[in-house]
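Two complexes come next, and they have one chain in common, chain A, joined by chain B in the first and chain C in the second.
Then we have the complex of A and B:
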């Protein structure tokens, strides 16, 4: 048929007609157009600007600084020529990085899943907190339960509670159209203060033996996740890591192999077409938020059962101002909402957070107090550059065009 | 117009490349004083690109433009306006709450003491121009209160107010009723008689032969030919446009209507703003017939279709599909009751552009076997079905896993068509099924709709194109302000239908 050969409508931007679509549509196009290169470029760009800041403000060589962060994160463990003591330290650092990666994969998936339905779940914090609360409550109760059952119960309860928490926002969105950004932020603060109330002095879940410390009871030994790499006393890597890997697989399967994922994606890309197709938009909003919240709630539960073992009011209110759930946003953005992307971005941010922590960064090279700010700086830059990924794509298109000329 | 006329515009060897395509390839175009020069071509043939170059929106990669013999560089629309070029876009650029005169003078307002708007002067100047060119409009009327045809005149006046000598009319009849189109052609004659030159962009063959002095045909970015309108036939132009023989008239046998399939009774529907758009409408469709619903845009067609397909609540009345009352059913329920729906906006509603062709084809059925079982999706089955339908419906431009958004409009529509027809519906509601498609794709869609009729489905064709209604329908209903105001046979004239569409002869039943 003739209309095949006619050229597509002209577009001066060079990005194709898709660019004018919804944010999510743009995102999808960017994902396909840029492939792996665009997010890598985004990260490199963020690191370059961060390095510039290091150079200008402290006069330190950014490369040695990054090298120190790299080692602090334990990434040198991958090098076979690193041996002896250096290798054992690298292993310890790597374990810390992977513990954080575990959390960030889950909080990243929480943001990514909602994103796929066209929703911005900024309430990972609240969902994480309620998940952690449930896990610490169940984990510190039922002294003599079968260990496997106990862990399973605590983790599932955490995930369910996260799902419920996010489900509130999803329900409000589906029924009265309340914007999920507003409602999830509000739910974050509600979760924070519920936590403060529960573990505060005299609170219902406050420690039974130390009545002047605003902290929960400890998770009983049987409910702690087994450590499979490193020493449990030195906070080795717990099996929650595999739960996160499993979550990545589940995420991919839901989106690509289930009718649920089909509906969620259809609503995310084009709610009007989904509605026309007979898909309930409001049901999918609710389900997407609930599943998203389950990932975040699971993150909270895994952290409690894997290495934190207790929750204090300080932990809870500290989360309110940012924390792992917020880093999840950067992880999802940089990972472009794909399973593999989220895994890699979580590893990057996990490494960055570990490598710049006071404990891990060589103070000779860079003041660790400043270094953690560097992490936040790079995190911010990544989010900004991802938001401006069309600039990166445009630059790439230009370079491509210039080459043959 | 005589051959001795002065050439007012000369575009020579214009080439414009976009990444991956050459939108204009060595196109030359000229315009003489007082002539109507039509620019004809399918979607994507390069008409808009050429005109956007003339209007300063794009810069040509090669070639030059001369206006009245002087080479010009048109960097911006304001440069083009200064050079005497005026453009009337297909979608009007008017502010609804302001008056006609305010809209016309906007940006170049007459003032008192250099600062205060002189509205009296504005009204006088607008009245003066509108009288000089016999473009009757009331300068003090608000845009939202006047008809689309009058709004178009305001757009023309806007250009004339800025002293345009060259007027570009982009698909000007697309939004008009037949009567309004007639009036527009008279206006065009009046303008050319006073020395204005007009570029008339269109893909409708009949009006091009009617209104133009010369015709330039573009195909795939290249100029095919410039020929005098005299002696050109619709068939010859179609061949130039498409590059092969095209069947312009739809060939179909007589209808053979049998069982009642779709019954709409006394339907009342409100739009989002709470205005009653469908007011006690009844219609029925039998197996084996195409019923055309003619009407001017905004007379309740959209709300009627949405209500019939479960996308909008019904305030009163019933919708019955093959005996099942589906009045309160969901969209999914309607599909399962045997309704197929080709939506009027395939990009906004008919397709998820980011999904592959295969995924789009599964849009209604992905929850059922064999696409899925117990919530588990089988993408390979989707792809197999997609591949089969791509072949069957001759979708070009990609395979089953190609993004739907990457296809041309005609091929996107074929995907929608394939999905709706392959489900084997009993009634097919086709809303503007050929909007924005070019001649070749229109031919395909029309043929397919007739085949569906002949296979015993009921088809409701809702279209703003009277010609399409007349050539496809076995029975024509006219909708006006949410009611059916007349039923006509397909031999009715465009004039008869046009009168009914504008509310004239209301309640009067013509020969059925």
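Then we have the complex of A and C:
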């Protein structure tokens, strides 16, 4: 027995430091090795496989389909030669894309921040839901409040509630070592059913006027976020976009310019080393989860105050299976957990989701119902290729070998 | 091999368990006397029974058997809560909600897909591979089950196609997490996304917006004429779907395989200490591949039961979180077949109850659907005993 490795000490979380270290370690290698190349290659691979699916199942040219999705997302707005009606349609589509990008930046940051601490926050859905619930509750109450104060209150309450919800998982991780993946999955579904209960028929937050419709009250005019690009009646781009940009800056500042961020990253790289260095691992676990949850809760609040204005039981239960918070996982993974990467990945997925929606995709070219599932497939492929970064690293190594030195 | 011996040494003496079981039984009895057919209208009897249950539980708890002691205390507290609400509610409502035979039959129906997936998850995690892709593998089974039954004309072909599809998805997860040493949570998330996208895509592509045809060959029921006349048993067990019986048989079978065969020992040793297992000549990769693929096949059976055994149709994302409940059952059942199956039955019962409770409050009944998740959260928090996963779960193994 003496020549065997001693078994690792009992670790109730099941995820020892060894794994976390190697996971983050490999990200680090990928980042250093490829910089932008690895994520771009990942996305290209995912789109290529997605295109293959299109070709095999429908026999259509995948490039035409992707072009239609590209236009549906409004990315052609960037081309100066697009003018007239086409340009105004592109602008409308672009506004939709940016509204989704706003949400995805925040849900992406929620996953990314926890990742930097070596935690996998798969509970963005639950945190998003509680944030949205608080925002719709506060936003639809207090009729005559100062508009700025009202918005501020609703958004902060949403973020706080998200922080609290994720904080439960962080607290359990920090105190008894409960695996955060399991506890956040459980918290997701608890949030879903509590949400369905609150807005369901006879529920405490169901609307006051239509007794048989399971939906919340509408957010009052004063609490709606102002629209700064486009027509408010056509769902123009709201100022929440700047909140998301601000969140990116805050994310970068916390991680790179504060003691808290240093502690979070140190724990993420190697909890044991951090502990020997005098950094409290459990405090950082809790704080990292809470801050993650605040990002996701803010996403829910901004969606409510920015364009949804109400929450139905269908919205809530729809989030359970997939939805924006889950896309956040793909965004964070593709963006390699950096602020710039998350922003770009959010734009990519925001465009993909908008471009494949029934409203925006040209049905002549590709059935939108099919395309929205194609989006899910591409998401899955992105997550898969990021997870299997060995494939991408191997491809990169081969590409390098081919080049003459 | 020390880590294999550890859980055995840490276990409390057997006698304490028995006392705890008596406590649990008393707590349930306390609730039962207040419900039909007895419907005692006074809660005093229940209070006495449940107090004894709590005291027994507390006694067991402080002597070291935390898990079952906690269960007895919970049974006492919940039992009294149920009994109290039953005594203050009207008899008429009580009789419509609590129809034991219907509740139990519904419990078995709701628990069946969970049992399949949970047993699968248990094998995978026992071999050291976390499988949060159970949800996706179930969904694959649900879609390919109905596709096979529709295109090939018979339910057993459907079941075979479903098993094949689940195995393929599981194989992907296995390659990702074993050979490519990807993070197993990320791999599982990818599996869930891929299955959601793939089944949704093919569903729209093949069936369009009309949905699946209604005349699909479904998995048959097993009608047992002999027990039809027996009051309670006949109503519960007389007309169950074949898959319910298969699930019930698989539970003891899994226990035998896992704890009484060399193969089971190999699976467990690979999950507890892969290096040691490798040293004595067990193929760590081989066992893990086998266990993960088996988990996909079982989860797919659960999904196929949903589509061609239970509902006879398919809709996008129809598993709606059942894979995650199964995962919860694995943890709640402490990675043991009977424990996981008991958790599935409990979760199935809470679902069955949730569909009957709107009699009292249409909105609050839905909270019962959250019960599995709340219980599991409490279980992982270690308030009622600690759930201890296999030591090497989630750790990729690198051959040296």
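The definition used in the following text is that the second predicted complex is superposed on the first by the 382 of 405 C-alpha atoms of A that agree within 3 Å, B and C clash if a C-alpha of one lies under 4 Å from a C-alpha of the other, contacts with A are read in each partner's own complex, and residues count from 1 in each chain.
What we mean here is this: a residue touches a chain if its C-beta (ideal position, glycine included) is under 8 Å from a C-beta of that chain, and two chains touch if they have at least 3 such contacts.
Model, not experiment: these values are computed from the prediction.
Participant: If we overlay the two complexes on their shared chain A, which of chain B and chain C does A:373 touch? Say first, second, both or neither.
Facilitator: second
Participant: For A:326, is the partner it touches chain B (first), chain C (second), both, or none of the two (neither)?
Facilitator: A:326 sits against chain C, while chain B stays out of touch.
Participant: Between chain B (first) and chain C (second), which does A:277 come into contact with in this model arrangement: first, second, both, or neither?
Facilitator: It touches chain B, and chain C stays clear.
Participant: Does the superposition put A:303 against chain B (first), chain C (second), both, or neither?
Facilitator: neither
Participant: Figure out whether A:178 sits in contact with chain B (first) or chain C (second), or with both, or with neither.
Facilitator: Only chain C is touched by A:178; chain B is not.
Participant: Is A:315 in contact with chain B, with chain C, with both, or with neither (first, second, both, neither)?
Facilitator: In the superposition, A:315 contacts neither chain B nor chain C.
Participant: Check whether A:71 is in contact with chain B, with chain C, with both or with neither, and answer first, second, both or neither.
Facilitator: Neither: A:71 stays clear of chain B and chain C.
Participant: Between chain B (first) and chain C (second), which, if any, makes contact with A:259: first, second, both or neither?
Facilitator: first
Participant: Applying the document's definition of touching, compare chain B and chain C: which contacts more of chain A?
Facilitator: Tallying touched residues of chain A, the top partner is C.
Participant: Please report the chain A residues shared by its interface with chain B and its interface with chain C.
Facilitator: 1, 4-5, 7-8, 10-12, 14, 18
Participant: Across the complex, what residues on chain B touch chain A?
Facilitator: The contact residues of chain B facing chain A are 16, 18-23, 42-46, 48-49, 58, 219-221, 242-244, 309, 311, 330-335, 341, 343, 348-355, 359, 362-364, 366-367, 371-372, 375-377, 379, 394, 396-397, 403, 405, 408-411, 437-441, 444.
Participant: Using the touch rule from the top, collect the residues of chain A that touch chain C in their complex.
Facilitator: 1, 4-5, 7-8, 10-12, 14-16, 18-19, 22-23, 53, 57-58, 120, 122, 172, 176, 178-179, 181-183, 185-187, 189-190, 192-194, 196-197, 200-203, 206, 320-322, 326, 329-330, 333, 367, 369-370, 372-381, 383-384, 386-391
Participant: State the interface residues of chain C toward chain A in the complex, per the touch definition above.
Facilitator: 1-3, 6, 130, 132, 172, 176, 180-183, 185-187, 189-198, 200-202, 204-205, 209, 272-273, 275-276, 279, 316-317, 320-321, 324, 327-328, 331, 361-364, 366-367, 369-370, 373-374, 376-377, 380-382, 386, 388-391, 393-396
Participant: Which of the residues in chain A come into contact with chain B in the complex?
Facilitator: Within the complex, chain A contacts chain B at residues 1-12, 14, 17-18, 21, 24-25, 28-29, 32, 256-262, 265-266, 269-270, 272-280, 397, 401.
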